[in-house]
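What follows is a group of structures, each given as structure tokens.
Two complexes, one shared chain (subunit A), two partners (subunit B, subunit C).
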Partner chain A sequence: MPETTEQMIEYIVEEIVRRPGVKVDEDTPLVSSGLIDSLALVDILLKLEDVTGTHIPAGKVQPKDMDTVRLMFSTAARVGKPRKK
Partner chain B sequence: MGISDLKGLSSNRDRRHSFDLSSHSPFDLPYKTLREALWAAPRDKPFATMWQGEDDVQSVNFGEFTALAETQAAYLQQQGLSAGDTIVLIMPQGIPLMASFAAAMYLGAIPAILAYPNFKVEPAKYRAGLTAVTANLKARLVMLDEEFPQELLGHVTLGEFSKLVRYEKGASRERAQPAPTTDPAEVAFIQHSAGTTGLQKGVALSHSAVLQHLARLAPALMLRSDDRIYSWLPLYHDMGLIACFILPMVCHVPVIMQSPTDWVLQPATMLQIISEYRCTLGWIPNFAFNFLARRAHPETGAAYDLSSVRALINCAEPVRASSLDEFRSAFSRYGLRASALQSSYAMAETVFAVTQSALDVANGPVRVWVDSEIFRRECTAVPAESSNPRAACYVSSGKCLPGTSVRVVSETGQDLPDGGLGEILIQSDSMLSGYYNRPDLTAQALRDGWYCSGDLGFVLDGEVFVVGRQKDLIIVAGENIHPHDVEEIVSSHPLIHEGRVVAFGLHNPELGTQEIVIVAEVLEEENLTNSLAIEQDLRNAVTGELGVSARLIYLKPPRWIVKSTAGKPARSTTREKLLAEHSELEFDSLKKKGVHA
Partner chain C sequence: MSKTWLVEAVGISLACLLSWRVSSPRLRQVLFLISSYLFYAGVARWFVGVLVASTLMNYGWGSLLRRRPTAGLLWGGVLVNLLLLGGFKYVPGISASWAQMSPFAALTRIAVPVGISFWTFEALSYLFDVYRDQEIDPSLLEFSLYMAFGPTVLSGPICRLPDMLPQFREARPLEWEDLRHGLQRIWLGIFMMMVARTLGSGLQPGQGVDAGFESTRLGGIDVWLLAIGYGFQLFFDFAGYSHIAIGVARLFGFRLPENFNLPYLSTSPSEFWTRWHMSLSFWIRDYVFLPLATARREVWWRNLSLLISMVIFGLWHKATLVFVIWGAYHGVLLVLHRVWQQTQRRFGFDSTGWFFTPMAWLVTFLAICFGWIFFRAPNSEKAFAMSRAALSPTSYHPPSFALDYYLVVGATLAGYFLVSALRARLGAEDESIFAWIPVELRSGCYAAMLYVLIFLYFVAFQTTQPHAFIYFQF
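Moving on to the complex of A and B:
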């Protein structure tokens, strides 16, 4: 598993889900399973921008594109623009 | 006694008459129907703008909008829609949805907008709901957008009477035959009241009721023809439909919209849009004030300008002083005026607003400090000094609009004196006459001409303070969730003891709204070894049926839940027991580290 994926999973488990014992992997549905609320997606999106070094423009992402960690990375690859350093 | 009628309003009302109505007074509404109001708009004035990103903005003026509506009307007429028929619209936020709504009114038909399904919805549940609503509305047409997912639709059965059609852009070159003059007393549209069981609760509103209401509301908002409304509110909810579509349509002011999901993912775009379009008015629920303050991460060096905002109105959830203060301190550096944060108490059943705070008072809605101990013990709001450690702050939602009165009654239906905490009953001259085709629900909600809101609150000097929903209702980000709906879903799990489930709402100050907490007993103690899997099953089920997340689930061994003498789970006692056992539910101790610096 790439390091960036691990970083995302760790962030989601420790900062968003915050329920002991809950396991999250690349394919765990997050919003559609009720594990996280869509209001938390903005934090996840920011983290995703950080981890991937991209800027993800408004209006190009739907909550369903963020339902699993794997989907998040493919979304970032699809619509993310390299961030200006 | 206890009727906070319009007494306190008289002085205020005098002031209202002195407002500057210079250019033209949009709330002197000389129209008999909504159709007449829309088609009387100045054709070249901007109306609706849909913002989906800097490079994706659609805009129409009133002339283009009515032309679009006429084209759609021709198409709907070809599909068999005629005067008096109902049509269900299920389309994403945007101009095509609004034009289809206007098209239906052009034909004298009755539109009803339903929520556009999100990906959390279970297809089977969705189809069942759609079938039930269509049958109750006796809908002639159900219109979906071009991209509505087919897998969600499956083989939905709508009955012989109803027909499914897809929105088609520029579908017809024919001209529609407009309906002959409509009687103002006829139903103009049906708006569905919020909540998960709300799907069946359609409120039918006549042209005259809606126009009457807007004629009351517009002066309370000091509406001017150069106002511009900002909105991310969905059009299937009264705040989005009435305040951000029907009001601008009838009073001829522009509205700039974005979709709720775009806003949730990029909350700072709201600041961007308000700055760019110089918006003056907007409505958002309480949680959004916290959410924006903490999560609208401005681009570095972004130069927002919020000085155009006259009123950003806190509506749909109890108004919290801390939420307003947090918003103000986060954004005053962008020119937000001290008077810009306002409040209102509104619901579909009275068309929209029951109260509105006075916009011409410098520091926003009235605040009162009450002795929280007396408040809890005796259910009476007794003013206290703000320095008193027992003092708790409540924010008024404003005074009643003209033509509207409220009463606060005890559990036995007795009127309470000023400050008494009880259920809020409402009467207005633009109130619902009943739920559409649901006399059973109407009988529950209307008592001697008063609408029983189910909201708890008190009145002081004519100011209405809404404290919460009647004891058990959970409000998650403006959505009403009935605990028994949650409990029923959880109970149906094979390893959960049926009926031994309690769901309640817990205010999470970090989110500015409630979260659902579920406590459930498993059948056998050894089932607890499986608890993570069971919890996840339950989350899936609750989210799939109600569309809200259920992060906080607690499985307990048999006989853990406290029962009342009647043998039913006692919600409040069980809640206390759970909170005592799980200190992590004290959200203050849960502050996230470094997420919002």
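Moving on to the complex of A and C:
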């Protein structure tokens, strides 16, 4: 598993979900299962920008594109633009 | 009225039978589009022209946007749609405030095309999706059907083209399961709307939620009863209507998005908005809140985005002060919940368990019901007076409504929570909790109850005061 994926999963488990016993992997549904709400989705989107070093225009993203960690990274690859330094 | 509904019921049945015989997807689309336009024209008369104009405009705009996906073109399309919506829906209301000035008097007489808020939001989601590079390439016929789709054109659920397009193009034969499920949903919907009617009108003339909101002397207990009663009236009315829309679509083999999912079992305002009027709530989340909230990184901006999104939610219903307050109130509830979540995290406080979960439910339930005062009150003065009565201990004098009204509300609540708890426990769909009854007996009972309900609704109740579906006004 790439380091960035691990970083993202760790963030979701420890900062967002924070429920004992809940396990998250690359394909765990997060939005559709109700595990995360709209506000948490914003946190995750911003974290994804940091992890991938891109700017992800939210106007190009739908919650279903962020449903699993795997989908998040493919979304970032699809619509993310390199950040201006 | 009953004659119109009878014609529509016969029309739907005929279209259903015809569609079952047609295997070509294109021919089915033509058939559905013609019947959808006839249905809409039957209800909204010449406003069908507005629907066709909006369809053509949005289809053209979408094609342009696909070739040149620029933000300017997107916002141009959004603006045109909002002008159309605002022209019909908001100008008459705003003009009424200045009706004494002659130039505005004529504007108050503009009628609203029924369902315009629903199909305009469907058109907007199409433009947003095209801008987001979604792979959707509808033909004009398919897009027209999406906008005018009979089961949803009047009051939703608000659909998305990426979900509907594959269904329009599918040539799968209809199955017995579609018919069974569709009829069950229609039956359940009619039943729920009858419950809403009973809550609204009461068992005797001059009682019920509708009369209660007109009353001038309300104590704290009365206000809470009215707020809770109205919350359930609105739920049974709109969720019932949604069941019917979903059921009718299913008769033709289409699956629509769900609109309600046990909303009054929510243990937080955030959860409530994933369970109440879901098709609009998710629309606001996807196309308003997320783009807005991620524009800046500061926490205050995220909270402000929540507030703005919920005010837009309120304004979607009507451009009146009470709906702005109702939306803002929910925005504040969501922000408070967010602050509470952060506080819990900071101090490592676990708010689940046998005590905190029921408490969270109770607080959420009362907060949501309190908000209904603003949703239902005829004006802001009345809403504030009722709020004061609900929150002021000195106003808690003995209740002024007749005992049977308390029984109606109590019985409705008991029934709702019993069925909801069963559903939540079994994780089942509405009908599955009765799965233990033999299917032949179930079908017979459903059919008999459906006929009784149809008879009551279309024949017996026509002699009393008419009841309008609440969301038709939006």
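We adopt the following convention: the second predicted complex is superposed on the first by the 85 of 85 C-alpha atoms of A that agree within 3 Å, B and C clash if a C-alpha of one lies under 4 Å from a C-alpha of the other, contacts with A are read in each partner's own complex, and residues count from 1 in each chain.
The definition used in the following text is that contacts are C-beta pairs under 8 Å (C-beta built on N, C-alpha and C of every residue); 3 or more make two chains touch, one makes a residue touch a chain.
These numbers come from a predicted model, not from an experiment.
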Contacts of A:63 with subunit B and subunit C, given as first, second, both or neither: both
Superposition-derived comparison: subunit B or subunit C, residues of subunit A touched: B
Partner chain in contact with A:34 - subunit B first, subunit C second, else both or neither: both
Partner chain in contact with A:74 - subunit B first, subunit C second, else both or neither: neither
Touching partner for A:22 - first (subunit B), second (subunit C), both, neither: first
Intersection of subunit A interface sets (partners subunit B, subunit C): 18, 34, 37-39, 41-42, 45-46, 58-63
Of subunit A, residues touching subunit C in the complex: 18, 34, 37-39, 41-42, 45-46, 56, 58-63, 79
In the complex with subunit A, residue positions of subunit C that touch it: 71, 128, 131-133, 270-271, 274, 282, 285-286, 289-291, 293-295, 297, 302, 306, 334, 338, 345
Subunit B residues within the subunit A interface of the complex: 52-54, 56, 118-120, 261-262, 264-267, 269, 287, 291, 295, 297, 477, 511, 515, 532, 535-536, 539-540, 542-544, 548-552, 590, 592-593, 595
List of subunit A residues in touch with subunit B within their complex: 15, 17-19, 21-23, 31-39, 41-43, 45-46, 57-64, 66-67
